[in-house]
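After this come two complexes, each holding subunit A, first together with subunit B and then together with subunit C.
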Partner chain A sequence: MPISDGQSRGTPPRGLPTSNRRGALGRALTSLAGGALAFNLIMVLGLLLLLLWQGGAYFWPRDLAWFELADGRQVLGEIHEHRELRTTAASGAEPIYEVRLKTGNREPELGGQDFVWIREADIKRSERPHDAVLLERRSWGPFFGYPVAIRRGDGVIAEGRDGTFRKLEQLVPEKAEHFEKIRKLEKGEIGDVNYEIERLRLSRRKLSMSTDSSPDKARADAELQRATQVQESRFGALADRLRDERQSLEAEILVIESIDGRRKTMPVSEVVRAVRPNELSTAGKIGLYASRLWEFVSDEPRESNTEGGIFPAIFGTVLMVLLMSVIVVPLGVLAALYLREYAKQGPLVRAVRIAVNNLAGTPSIVFGVFGLGFFVYFLGGSIDRWFYSEHTSPVFGTGGILWASLTLALLTVPVVIVAAEEGLAAVPRAVREGSLALGATKWETLRKVVIPASSPAILTGMILAMGRAAGEVAPLMIVGMVKLAPDLPISLEWPFLHFERKFMHIGFHIYDVGFQSPNVEATKPLVSATALLLIVVVTILNLAAIRVRNRLRAKYATTGL
Partner chain B sequence: MITQEQQKVMTKLPFGTESAPSERESATAADFLVADAHMEVRGLSLYYSESQALQGIDLRVPRGKITALIGPSGCGKSTLLRCFNRLNDLVDGVHIDGEILFDGQSLYGSEVDVNLLRKRVGMVFQKSNPFPKSIYENVAYGPRIHGTRSKASLDEMVEKSLRGAALWEEVKDRLDKSALGLSGGQQQRLCIARAIAVEPDVILFDEPCSALDPISTARIEELMTELKGRFTQIIVTHNMQQASRVSDTTAFLYLGRLIEYGVTETLFINPRKKQTEDYITGRFG
Partner chain C sequence: MKLSACFGLLLMNLGLLGQVKLDQELPLYAPTSGISGNLNSVGSDTLNNLMTLWAEGFQKAYPNVKIQVEGKGSSTAPPALIAGTAQLGPMSREMKATEIDEFEKKFGYRPLAVKVAIDALAVYVHKDCPLESLSMQKVDAIFSKGRKGGYAEDLASWGQLGLTGDWAERPLSLYGRNSASGTYGYFKEHAIWKGDFKDSVKEQPGSAAVVQGIASDLYAMGYSGIGYRTSEVKALKLSPKEGVAAISTDPENVYAGKYPLARFLYVYVKRAPNSPMDPLTREFLRFVLSKEGQEIVIKDGYLPMTSKLAAQALDHFGAN
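What follows is the complex of A and B.
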C-alpha cells in the first residue's frame, strides 16, 4: 500500500498506529483456524466414542427383568431404554416414565413382539428371577423364559426348570459340534460331488455344442455319462448319510415356556447358547462378552444378517481392498513414471495431470456404472463367450470381486499417481546422474534406484487408496457386492481364489442390517458394532501398510545426501 | 594405507619423465604437446538452448596423468567435463559442435554406445551421491549393471574397489549398512570406489572436495595420486592449491574459452597469458 494513502485520509497523519488492525485480524484468523481444527478433532473423537459405546455395549450381557403389570400381565426381558414421555414435558404435569423392554420370542406361537414399551406407573412388582433363561437360537432370535423339558423319541430325558437347564448346558456344546460336522459334510464332500457333477454336465454340454460328429464324440459322451452316474450314486449315498446325521442332530426336542405360559417345542440343536444372565458373575459376563464378540467376527450371519457374525463381510472387504491395492499400485506407478520421467513436459502432460486430478473428484457411482458397462458386460461378457460358452449362466459376465476391485482401482488410481509422482520428483538429480554415469540405462536407473527410493511415497499413495476403497459402497453395489454370498471368494478347490464370485462387504452390511432388515429397532446397536468393525479393519490395513512403509523408509531414506 | 601394487604404479610413472624441459617451455596454449593423448578435444563448442557455454576448445588429455580444469565460476569447467562422458546429452536443447576423440575414436559418433562409454569413463560428483542402499550394494551396482552375476566375483570386486579407494579398513565390518550413515569424506571415497568398480579407463572429478573438510580433502588428493597411472584422471577444481598439488597438466578456462593449457608447474610459476596470471594470483575469480 502506498505511503501517501495514510496521509490522504488525514487522521492520524504520523507516528506509529495505536492499534494494529491487520495484526488483530491475523490473530483472529489464527484462533479461528485452530478452533476449526479442534472442532474437527472433537467431532471425530466423539464419533469414535459413540460407536465404541453403542457398538461395544451390544455384546454385553444384560440382566433379565421380570415385571407384573397392573392388568395382571407378566413380562420378562432386557431393559434397553428408560425415558420420560415427551408429551408430559411441556404441560408441566407430573412426568411419566416408560421403559423399553426387549422381550424377544419373535415367533407368533410365543406372541412375538420383540420390543414393548411399559409405563413405569403400570408396574406393580418387579424382580430379577435368578433362573430366567436366555436362549440364543439359530432362528427366531433370542428367547427369554424357561426351558421346561427335553424329550428324546418317546422318552423324557430332563424335566423341571433346573434339571432342563443343566441338561441343556451339557447338550448345547455337543450339538454345536455335531452341527459343525454336518456343515463340513455339506460344504466339503457333498460340495465336491456337486461341483464334479456340474463340471461333467458342462463338459457334456460343450461336447454336444461342437460340430464334430465322429464316433469319438459319441464315445467321449458315453464316458462322461458313465462318470456322471458314478458321481450321482456317490451323491445319493452322501445324501442318505446327511439325512441320518440330521435326524440324530435333531433327536432331542426342547420344550420352552414363555413367561405368560405359552409353550413351544424345538430341536435342542437350534440353541446356540443357553445362559441365566441374572446368575452370571462378572467373570462369567466377561466370558460371555468375549465369546459373543468372537462369534461376531468369526461366524457367518444368520437370520438375514441380523444375528450371528459378519466374517464373510470382513473377509470380502479385506480381500477386495488387497486385490485393489495389487492392481492400483502398478497401474499408478506406471502412469506416474510415464508422466514424470518419460513424457515431454508440456501442455499435453499438464492437461493429462488435470484430467487425472478431476478423475479423483468424479462421483464414485459413475465409476460403478463404468465398471458395470466396461468390466462386467464388455470384458466379462467376452471372457464368457470365449472360455465359458458351455455355461448357461454368466461366470465373469456378472458382478464379482475382480470387477469390483478393478472398478475401485480406477477410482483410486489418481491418488496413487499423485503420490508416486511426488515421490519420483523427490529423488535428487544427483543420485540419478550417479547411476547414469556408471553406464546404467534410464530404465535401469529408474528400476534400481529411483523407484526403490520413492517406494515410501508410493506406499503412502497406496495407504490413501486403501482408505478410500474400504469405505466405498455405492459403486460396488452394481459390480458384485451382495447382501449374502453363499461362498467365500476363496476355497480349497482350484484355483483357490475365485475372482468371479460375488462377495460381501462391511460397508454394505451396515446399510443392509440397519435399514433393510425386518427389525430395524433390534439391529440398531449392531449397526454401530459393524461400523466400529469397519473402522478397525481399515485401521489394521493401514497400520500394516504404514509398517511396511517405515521399513522401506529406513532402507531407502534419501536424506543425508 | 598404500598397497604394494599401488606403490609400484606410483614409482613407475613419476611425473614428467616423458617430456623434456625444453619442450615444455616452448608449448603454447593451443599446441601444448602431449605425447600420448588419451582424450583429445578438437574445436569443441557447446550451446545450451539459449547460450553458448564452450567455444572452440582444443585439449589433449595425457594418458595416466591428472589433468586439472580451473577457472572462475560459470566459465564452463563442469560443462566441459561432462562432455567426456556425454552426461550433457541429458540436458534438453544441448547442441555440440566439434569432436572429442577417445583413444582415437570419436565420442559423439552415431555408433557409440553411451552406456558402454560411461562404463569406461567414470565420474565423481561435487556432492557425494551414494545410492540409498547398503555400502556393498553401492559398489556392486556398476558391476551388476554390466552383467556380473556371481556372488564371489562381486565380493571380490567390492573388496578390491573399496581397498582401491582406501575405504576398506573403515567399512569392512558394515558392508550391509546404509551408505548414508558414512561421513561426507567416506561417502565421497565410496563414490570413487563405486566408479573404479566398473574398471574404467578415465575418471572425471567435478570439484570432489568442495564440500569436505581439509583432512578428508587431503585423503582424496592422496587417493588420486595413488590412482595415477592406473587411470587417466580429469579434475575440475576451484582450489588452485589443489590443482598445483595433484595435477600434472592444468587447463585454465575463462568465459567458455580455453585460455591456457600446460604443465602444471609451468602454468602456475610462469603463466604465459595475463588472464591466467590475474586468476592464479587471485586478482579476480
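What follows is the complex of A and C.
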C-alpha cells in the first residue's frame, strides 16, 4: 500500500524477520512474494507490449498489394491478416488459407466494402504496383487506386497517373492550409458573431419574460433588436465570405479510379494525405508514421470519431482530472484534519472512519447516479432556474465537466482522507509539542508545522485519486461525458473556462470506438492506440505529482521533520 | 408488418436494385440565417454514429451551433427529453405507451416522432458458417425461452439447423444486446413474439460488440443492425414463415417491405401543439431529411429515406 509512504519513515521496518529462525518456511514465503511480484510485472509488461504492438502498428504504412483472382476480378489493398479458414482449422481437414484485404473505398459508387476475404487458392497473380496510391480523406475513409485527373472549372490541370499524383502532392498541403484558414474563420469571427447574436436573443427573451411594462422596457427591447440586426448583417457578410472561401477551396476537382475501373469525383481539398506506399523508403515510412501519430494526438476527430485525432478527448480527460484534484484535495484534507486533530476520538469518529472506508468500496456507478440526481438535476436545475431562466435549453441542468469532476471528487475523496490522516498521524508528537511550547496556538501549529510536514502524504493521496479518476468511465457516462463535444471546455470567450460544457474522455472513446463503431473492423487497432495513450496520460499526470511530492519531501527532510 | 403497408406503393417505382441509392428528389439543404445555440442529443446507440455524423455535417452549415451527442441506449432518450436535458431523443424503436404517458404528464402533449432513416436488423453468423437462411419461427426457437412463434422444438445446436459433420454437435453460441437498447426491444417484439430471451444470450454493450463477438466465434449467431456488418460476418436471409422463400437484406427487399426485420429509426422531439418549433431543432431535422443528411445515412450503412417519406416526416412538424 503506497498509503503507508508517509508513516514508514522513522519507524522500524516491519515484515518478516530476516534471521533464519523460520528456516525453510521463511525462504518459501520470500520466494512466493518474489514470484508474485514477478507475475504482476509480467502481466503489466505483457499488457503494455500488446497495446504497443497492436496500437503502434496502426499508424505504420503498409504496402499496397494487387491481386488478380481466378474469376478475373482485380483487387487492390493492404493485407491485414493471413490465416487458416476457421472451419478447416476447427475440423482438422486440409487447411485452406485466406487473406483479409483492406480495400477501402467505402462509398457505394466505388464498391462499398472496406474489407474483403480472399482465399489464397483464388489468387492467380499478385504484385506490388509502385504507382498505386493511398488517399486519406476527410470523409468515406481511405481510398486505394489511382487519381487520374484534376479539373479546375472547365479546364483540366493535370492528367495521367503520374502527372495527377505530382500535382496532387503539390496541391494537398496548399489545400490543408486553406482548410485551416476557413476553420479559423468559422471558429473565430463567425463564432464571435454567433455568440453575440445568441447573447442578444437571450437578453431579449429575459426582457420579454419580466413583468415590468414601463416604456423603458420597450426602449431596451428596441435597442437590443437594433443590435441584433447589426450583428446579423455582419453575420451575412461573413457567411458570404465563408461561401466564397469554400468555393475557392473546392475549386479543384479530383477524378479517382478504383482498380476495377469505377470512377468518382471529389474536391481535392477532401484529401488529407496522398502517398504511394509501395514507393516509400524506410525514412519516408517513418516520416509518415510520425505525421500520422501527430495527427492522432493533436487533431480533432472525423467521421463519427473513427478517424482523425483525439485531441479533445485528451484535453477533456486532463482538465477533468485537474479540476477534480483541485476539488478533492481541500475537501479530503479538511475532513482528515477534523477527524484526526479536532474530533474527540470515540465510537462516533470510528464509525465515520469506517463509513469513509466503505465509501471507497462503493461501485462507481452509484456515484454516477448520485451525481446525476444531486448535481445535475437538483443543483444544476436550481442554478438554471435562478440564473438562466431565459435559456431555452439547460445550461447547468445537464451533464457537464464541473458535475463530472465533482462526482469523481466524491468518488476519490476517501483515498485522500485516508492518506492525509496517515500523514497527520506520522508527525511526531515532540514536534507538535515543541511548537505549542513556543507559544503557537493549535491552529498555528497545524498550519505552519503539521500540514506542511504531512504534505507528501497528502500528495500521495492525490496521486492515487488522480490515477483512479483518469481511468474511471462508468459514472461519467451519465454526468456529462459525450461521444462528440463540439467545443473544448476552454475558450477565448468570457469566462474562458466553461464548466457547464460537456466533454470528451479517452476512456469513453475507447469504449465507443471498440463497441459501437459502425466500421469496427477498421477501428479495432485504434482501440489499442487510444488505450495506450490513456496510460501515457495517466503516467504523465502521476509523474508530475510525484515530482512535486519529492520536492516537498526534500524540503522537509532538511528542516528535520 | 406496418412497414410494408407504408413502403409498398411508395417504393416500387424507384428501381433500387442491389445497391443503396440516394433518392435524387430529396431536397437540398438550404441554410437559413440566425441559427445558433446548443443542441443536446441523448438516446439510442444504434443512432449514435448517425447523430454524430449529422452533427458534423450540420455544424459545417452553421459553424457555431454546438451539438453534443450521447448514446447509451434508446431507453435513455425519454427520461432525458422529460428532464429537459436533451432536445433530441434518437430512438431505434417507437416510444412505449408508458414512456409517452410520462412525457404527457410533464408537458401536457405527446412527443413528436420523426422518422429519420431505415434500418434492417440482421441475424448474423460467422462468415465461414455454411448456413444461409432461417425462418422467423426458427429464429424464435433459437433466441427465446418460450417459443411463442410456434416452432415445435427448442433449437440449441447447429445440427438441429441441418448442418452436418463437425457442426452437428456444436451448440449455438448466442449474442445479443443489453436491455437498454432499442435493438433488444425491437428484436424481442418482432422476432421472438414478445417472449423472453434465453439466459444463454450473451448481452453486449454495443451493436459493434455483437458483430465482433460473432467474428471471433465460429459457432456464434447474433442480431445487430445492418449498419454494423463487417467482412467477418454474414447476414442470414430470413423467411417470414416456414416453407416460404427467404429474403436477403438487400435494400430493395427492405424498401419493398419484404424483409421481416426492417424498422424505422426515429428522433423524438418536444413540440408543443400550435406553437412553432424551436428553430434550431427544426433546422437540424430539416438537414437530416435533406439530400445531404440522407447521404450520411448511407455512409453509416443504413438505408436512406425516400423523398416521399422525407416529405411526410417534414410535414409532421410543418417545416416543409
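Definition applied: the second predicted complex is superposed on the first by the 514 of 561 C-alpha atoms of A that agree within 3 Å, B and C clash if a C-alpha of one lies under 4 Å from a C-alpha of the other, contacts with A are read in each partner's own complex, and residues count from 1 in each chain.
Quick note on the criterion: a contact is a pair of C-beta atoms (placed from the backbone, for glycine too) under 8 Å apart; a residue touches a chain by one contact, two chains touch by 3 or more.
Bear in mind that the values here come from a model prediction, so they are computed numbers and not experimental data.
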Query raised in the report: Of subunit B and subunit C, which one touches more residues of subunit A?
Result: C
Query - subunit B versus subunit C as contact partner of A:Phe115, first or second or both or neither - result: second
**Report entry** Which superposed partner A:Arg86 touches (first subunit B, second subunit C, both, neither)
**Finding:** second
Query - First, second, both or neither for A:Arg106, with subunit B first and subunit C second - result: second
Query - First (subunit B), second (subunit C), both or neither touched by A:Val431 - result: first
Requested in this report: Classify the contacts of A:Pro394 with the two partner chains as first (subunit B alone), second (subunit C alone), both, or neither.
Outcome: second
Query raised in the report: After superposition on the shared chain, which partner residues are touched by A:Val449: those of subunit B (first), subunit C (second), both, or neither?
Result: first
Report task. Go through the superposed model and pick first if A:Ala36 touches only subunit B, second if only subunit C, both, or neither. Result -> neither
**Report entry** Interface residues, subunit B side, partner subunit A - complex
**Finding:** 85, 87, 90, 115-119, 122-123, 125, 127-133, 141-142, 145-146, 178, 180-181, 191, 194-195, 198
Query raised in the report: Which residues of subunit C touch subunit A in the complex?
Result: 19-21, 33-34, 36-40, 45, 48-50, 52-53, 55-56, 59, 63-72, 83-87, 126-130, 165-166, 204-209, 211-212, 218, 227-228, 230-232, 278, 298-301
Report summary line: Per the touch rule above, subunit A residues touching subunit C in the complex are 85-87, 90-91, 100, 106-108, 112-117, 139-140, 186-187, 190-191, 194-195, 197-198, 232, 235-236, 239, 242, 302-305, 376-377, 392-394, 397-399, 477-478, 481-487, 502, 511-512, 514-521, 524
**Report entry** Parts of subunit A lying in touch with subunit B, wherever the complex brings them together
**Finding:** 428, 430-431, 433-441, 444, 448-449, 452-453, 555-561
